[in-house]
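Chain lettering (A, B, C and D) follows the sequence in which the chains are written, and residue indices restart at 1 in each chain.
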Amino acid sequence: MELQPIQHLKDTQNEPDYRQIPIDRVGVKNLRYPIQIRDKARAIQSTVAQFTLTVDLPHHYKGTHMSRFVEALNEHGPMIHIDNVREILDRLREKLHSEKAHIEFEFPFFLEKKAPVTGAVGMMDYTVQFAATANGSGEFDFVATVIVPVTTLCPCSKAISAYGAHNQRGQVTYSVRFHQPIWIEDLIQLVESCASSELYSLLKRPDEKAVTERAYLNPVFVEDLVRNIAARSDLEPNIKWYRVEAENFESIHNHNAYAVVEKERR
Amino acid sequence: MELQPIQHLKDTQNEPDYRQIPIDRVGVKNLRYPIQIRDKARAIQSTVAQFTLTVDLPHHYKGTHMSRFVEALNEHGPMIHIDNVREILDRLREKLHSEKAHIEFEFPFFLEKKAPVTGAVGMMDYTVQFAATANGSGEFDFVATVIVPVTTLCPCSKAISAYGAHNQRGQVTYSVRFHQPIWIEDLIQLVESCASSELYSLLKRPDEKAVTERAYLNPVFVEDLVRNIAARSDLEPNIKWYRVEAENFESIHNHNAYAVVEKERR
Amino acid sequence: MELQPIQHLKDTQNEPDYRQIPIDRVGVKNLRYPIQIRDKARAIQSTVAQFTLTVDLPHHYKGTHMSRFVEALNEHGPMIHIDNVREILDRLREKLHSEKAHIEFEFPFFLEKKAPVTGAVGMMDYTVQFAATANGSGEFDFVATVIVPVTTLCPCSKAISAYGAHNQRGQVTYSVRFHQPIWIEDLIQLVESCASSELYSLLKRPDEKAVTERAYLNPVFVEDLVRNIAARSDLEPNIKWYRVEAENFESIHNHNAYAVVEKERR
Amino acid sequence: MELQPIQHLKDTQNEPDYRQIPIDRVGVKNLRYPIQIRDKARAIQSTVAQFTLTVDLPHHYKGTHMSRFVEALNEHGPMIHIDNVREILDRLREKLHSEKAHIEFEFPFFLEKKAPVTGAVGMMDYTVQFAATANGSGEFDFVATVIVPVTTLCPCSKAISAYGAHNQRGQVTYSVRFHQPIWIEDLIQLVESCASSELYSLLKRPDEKAVTERAYLNPVFVEDLVRNIAARSDLEPNIKWYRVEAENFESIHNHNAYAVVEKERR
C-alpha cells in the first residue's frame, strides 16, 4: 500500500461550509488520561482522569481538527492544577484558531483519614470534577466539583420510632466558583461536616460505635444536608457561587431522596 | 411491638426551619415505574420509565413529604402523554403546597422499521426523555428529548483513503421545545434523515449492501450531523428551541468525537 | 445506486473456515425488546428486556447469520414465559443449524405492595434475569435470577452502640434451578423475608415507624442474609440448585460488604 | 458521649453460628485504591484500581471481620505485581483465619503508542483485570484479563457492497492463565494484531489514511476476531488456558455482535 505524500492529502475539515451554522462546542469526549494533582498533604497525587475538550467552531469552517485536542493535552504533560488549567485552554484556542475553549475532567481523589477513636488510617476515595472555559477577551470561568459520600440518618424515622432510625449512604455533589484558588480537601471537609457522619474506609469496633452514635445524634434530611452546606458556604467569602445537590440511597426505598440549592453571591 | 396511633406521630417535616434557605428542588429520584405512551402508529406502547419528581421548598419548612410524590404518580395512572404531564405537575404542586413542580423521566421507545430493500420488519429501540416544569402563575415549560443511534461515516477518511472509510455508531441527543404537541416519531425521523445512515435491528444481505453504500455516499463529520439537524429544525415552525448533541464512538479511537449546537428561535 | 439481485450477493458467512476452531457462543448482545411476562397476580405484565442470544458455531463455518437471531425473536412474539423460553431456543437451533442455543435476558419487574400499617399501595420494582440453554439431545438448563433490594441493619453496630445502628440498602442476587416452574413473586418473597426489612415504594409515617423498628429488631450481617436465604432454599424441595449473592451499600463506608453461597442439591 | 473501653465491646462476628452453612466468599467489594503497576517500558505506572477481596467463612463463625481486608491492602502498600498478589492473599488468609482467599481488581492501563505513518505519540488506554485465589494447600490460581478496544470491518459488507464497508469499534476481553509471568503489553499486542486495525489516541491525516486502508484490507467478523486470537494463543506455550470474548458495537445496528471461545490446554 503506497501512501500519498502528506502535503497532498485533502484537508476536508478546512473546507468552507455554507450552512451558516456556528457550532457551540466541538471536540473530543471520554478521553482517559493519567494525571497528577497537587494535594494539600502529600504534594502530588497520581490518578486517572476522563477528559472532554471542546472549542467553538465558526460557521464558515466545515470541521475542527480532532487530533489537535489530544496534542494539546500531550504537550501540557500530566501535572494539572487549578491554576494551570487556563494554559491548556489558551493552547487549545491557539491550536484550533478558536474564540472559546472548554475543558471538563473527572478523576478519583484520595485522602488518608484517621478513624475517629482508634486513629487507624485508611484511604478514603472521592470523585472530583473540574470544568473551565476561557475566551479571547481574557474571560475565564472555573467550576470545581467534589462528589462526597456521607451518612444520612432520617430525623423523622428517629422521632417516630421507639428505637433505631433508618440511615443510608448519601452522595453530595458540591460545585463552587471562587475568588482565590481553593483546596479540594477543604471542599470535602466542608461537606463532610454537614452530614450525620462522614465515611471512612477503615473502622475498628470502637470507631464503628462512635460513628453509629454520632449519626444517631445528628439526624439530617436531604433538605437539611443541602441547607447545612449552603449555610456553611455562605460563611466563606472566597466562594462566589455554589450549587449543592444531595441524593440519599434510602435504606427503606428503592428510589432516592434528592435536593438541590444553587446560589449566586454578590 | 405496639404502634402509636397515626395522629400522634410527630411530623418532623412540618416543623419550622430557621436557616432562611429556600430549596430549589426537592423530591424523589430514580423511581422506576411502568408507563404507557401513545405512539403515532400503534396507539399505545407499554414501557418502563425512570422518574425524578421535585418541587421547590420555601425556607420556613424543614422538609417535604416524600411519600406524596409517589402517591401523585399512583393517582395519575400509567398513561402518560405530552399533553397530560401538566396534570401530574399541578397535582404535585397541590399535594406538596408548593409554587413550582418539575418532572423528568426517561424510557425506552420502540418503532417497527422496515429494512430498506427486503422490507423485513424489526423493532428499533430509542431512548426518550421528557422534562417539564409548571408553576402557580400558569407557566409551563416542556422539553422533549430523543436519543437516536445512527451511522456516521467520516468525510476526511473517505477523501484521503484509496478505499473504504472509517464509520461507527454515533448517538444524537436532540432536545426541543415546541408550540403544538409533537410526535416522538417525527423527532426521531428528523434526526435519522441527517446521518450517514439510520440504524435497523433487522437487515438481510441486500439491506446491508444498501445501508453500507448509502453511508459511503453520505459521509458526515459530527459537525455536519449537528448542523444538518439544526438546519432541518430551522425549517420547522413548530420548534421554538432546540439543542443538538452528537457523539461518535469513533472506530479508530477509544475516545469519542462530540459536537453541540443550541438555538432559541424567535 | 443499482442493487444486485439478492441471489447473487456473496454469502461470506457460509464460506468454509480452515482454522479448526469451533466457537462456543456467537450471536447478538444488548438487544432491547418489549416483552410481556405472566405474573401471579395480574396475569400479564408489560416490560422491556435486554437480550443476548447465541449459538455454537462448528469449526468449518466462517460465520453465523446474525439477522436470524432477531428474526427468531420477532417470530416468537412478545409473550415470554418460563415455560416457552425453550421454544425460542429450539427455533434458534433450527434457524442457525446449530447444536446448542443460549438465551439471556433481563427486565424490570413490578409488584404492587401494601405498606405494613396503613396498607397504602405502591409499585415496587425489581430486576429479573432468565438464562437458558438447550441442545440437540433434548437437554435444557434454566436459571432464574431475581435481584431484590432490601434493608440490612448491622448486628455489630447495634450491639456495641448506646443508641441506633447503621443500616443501608442492600441488594440480593438470588439464582435458582428448579424442578417445576416457579413464580418470580415467590423467589422475591423468599429473599425479602430473610432481610432486616423489605423495601417499599410508598410508606406513610406509621409505616416508616414500623419498618424502622422491624429492621432494628432483625439485624443481619451480609453473612446472615445469605445464610438465611440458603436455609430457606434448603426447605424448598422444588429448588435443585441455588446461588445467593448479597451486597450491602454500607452507610458508614464507601465500599460494599459482600457474601456469596452456592449449593447443588441432590 | 462516653465511649466504652475497647476491650469490652461485644465481638458479634466472633459468635458461634448454628445454621451449619459455610460461606463460599465474604468480604469487601468496590473498594477504590491507588496502585502502581510495573510496566514493560516505563518501570512504574500509577493508576487507580477497584478491588474485591474475599475469604471463605466456616459454618461455625457468625461473621468475618471486614476491616481486616482494608488493613491487609494498606499493609501491603501501593505496589502490585503479578508476582506479589500472592502475598496479599496469604496475608488475608492469615488475618482472617481462613482457608481460601480471593482478590479481583480492575484498573486503567496506558501505553504510549506511535501513529503508524507520522510516528506522532499518544497515550492509548486499556482496562486490565487481575483475579487470583490462594488456599492453605499452596494452590494458587491467577487469571489476567485485558480489555482491548479495536477496529473491526465487516467482511460480508465489504464483499457485497460496491464501495465502502461498515466498520466499528469492537471490544475484546481476553483472559489467560499462564506458566511464567506475562506482560500486560504482550497480551494487548496479541489482541491488537488480530483485528482489522488497532486503535490510537492520536492520528494525523496520513495515519488516518493508513488505518482506514489497513482496516479495509483486513476485514474480520467477530467470529474471525476470536478465532485469530485463539489461534495466536495456541502458539504461545506460556498460555495454559484462555478465554476470548469479542463484542462489536455494530455501526449499522443498535445491538452488538458477540462471540466467545474458551480453551483449556494440556
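Operating definition for what follows: a contact is a pair of C-beta atoms (placed from the backbone, for glycine too) under 8 Å apart; a residue touches a chain by one contact, two chains touch by 3 or more.
Here the structure is a predicted model, which is why all the values come from computation and not from measurement.
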Any chain in contact with chain B as well as chain D: A, C
More contacts between chains, C-D or B-C: C-D
Classification of the chain A:chain C interface as same or different, half of numbers criterion: same
Whole-Å gap between the CA centroids of chain C and chain D: 25
Length of the line joining the C-alpha centres of chain A and chain C, rounded to whole Å: 34
Length of the line joining the C-alpha centres of chain B and chain C, rounded to whole Å: 27
Touching two or more other chains - residue numbers and ranges from chain D: 1, 4, 9, 11, 31-32, 70, 125, 156, 160, 162, 201, 203, 205, 209, 213, 254-255
Touching residues (chain side chain B, partner chain A) in the complex: 1, 4, 9-13, 17, 19, 21-32, 52, 54, 57, 62-64, 66, 70, 155-156, 159-160, 162, 221-224, 226-228, 230-231, 247, 254-262
Complex contact set, residues of chain C against chain B: 1, 3-4, 6, 9, 11, 31-34, 45-48, 67, 70-71, 74, 108, 110, 117-118, 120-123, 125, 201-206, 209-210, 213-214, 217
Footprint of chain B on chain D - complex, ascending: 124-125, 149, 151, 153-154, 156-158, 160-169, 197, 199-201, 203, 205, 208-209, 211-213, 215-216, 249-255
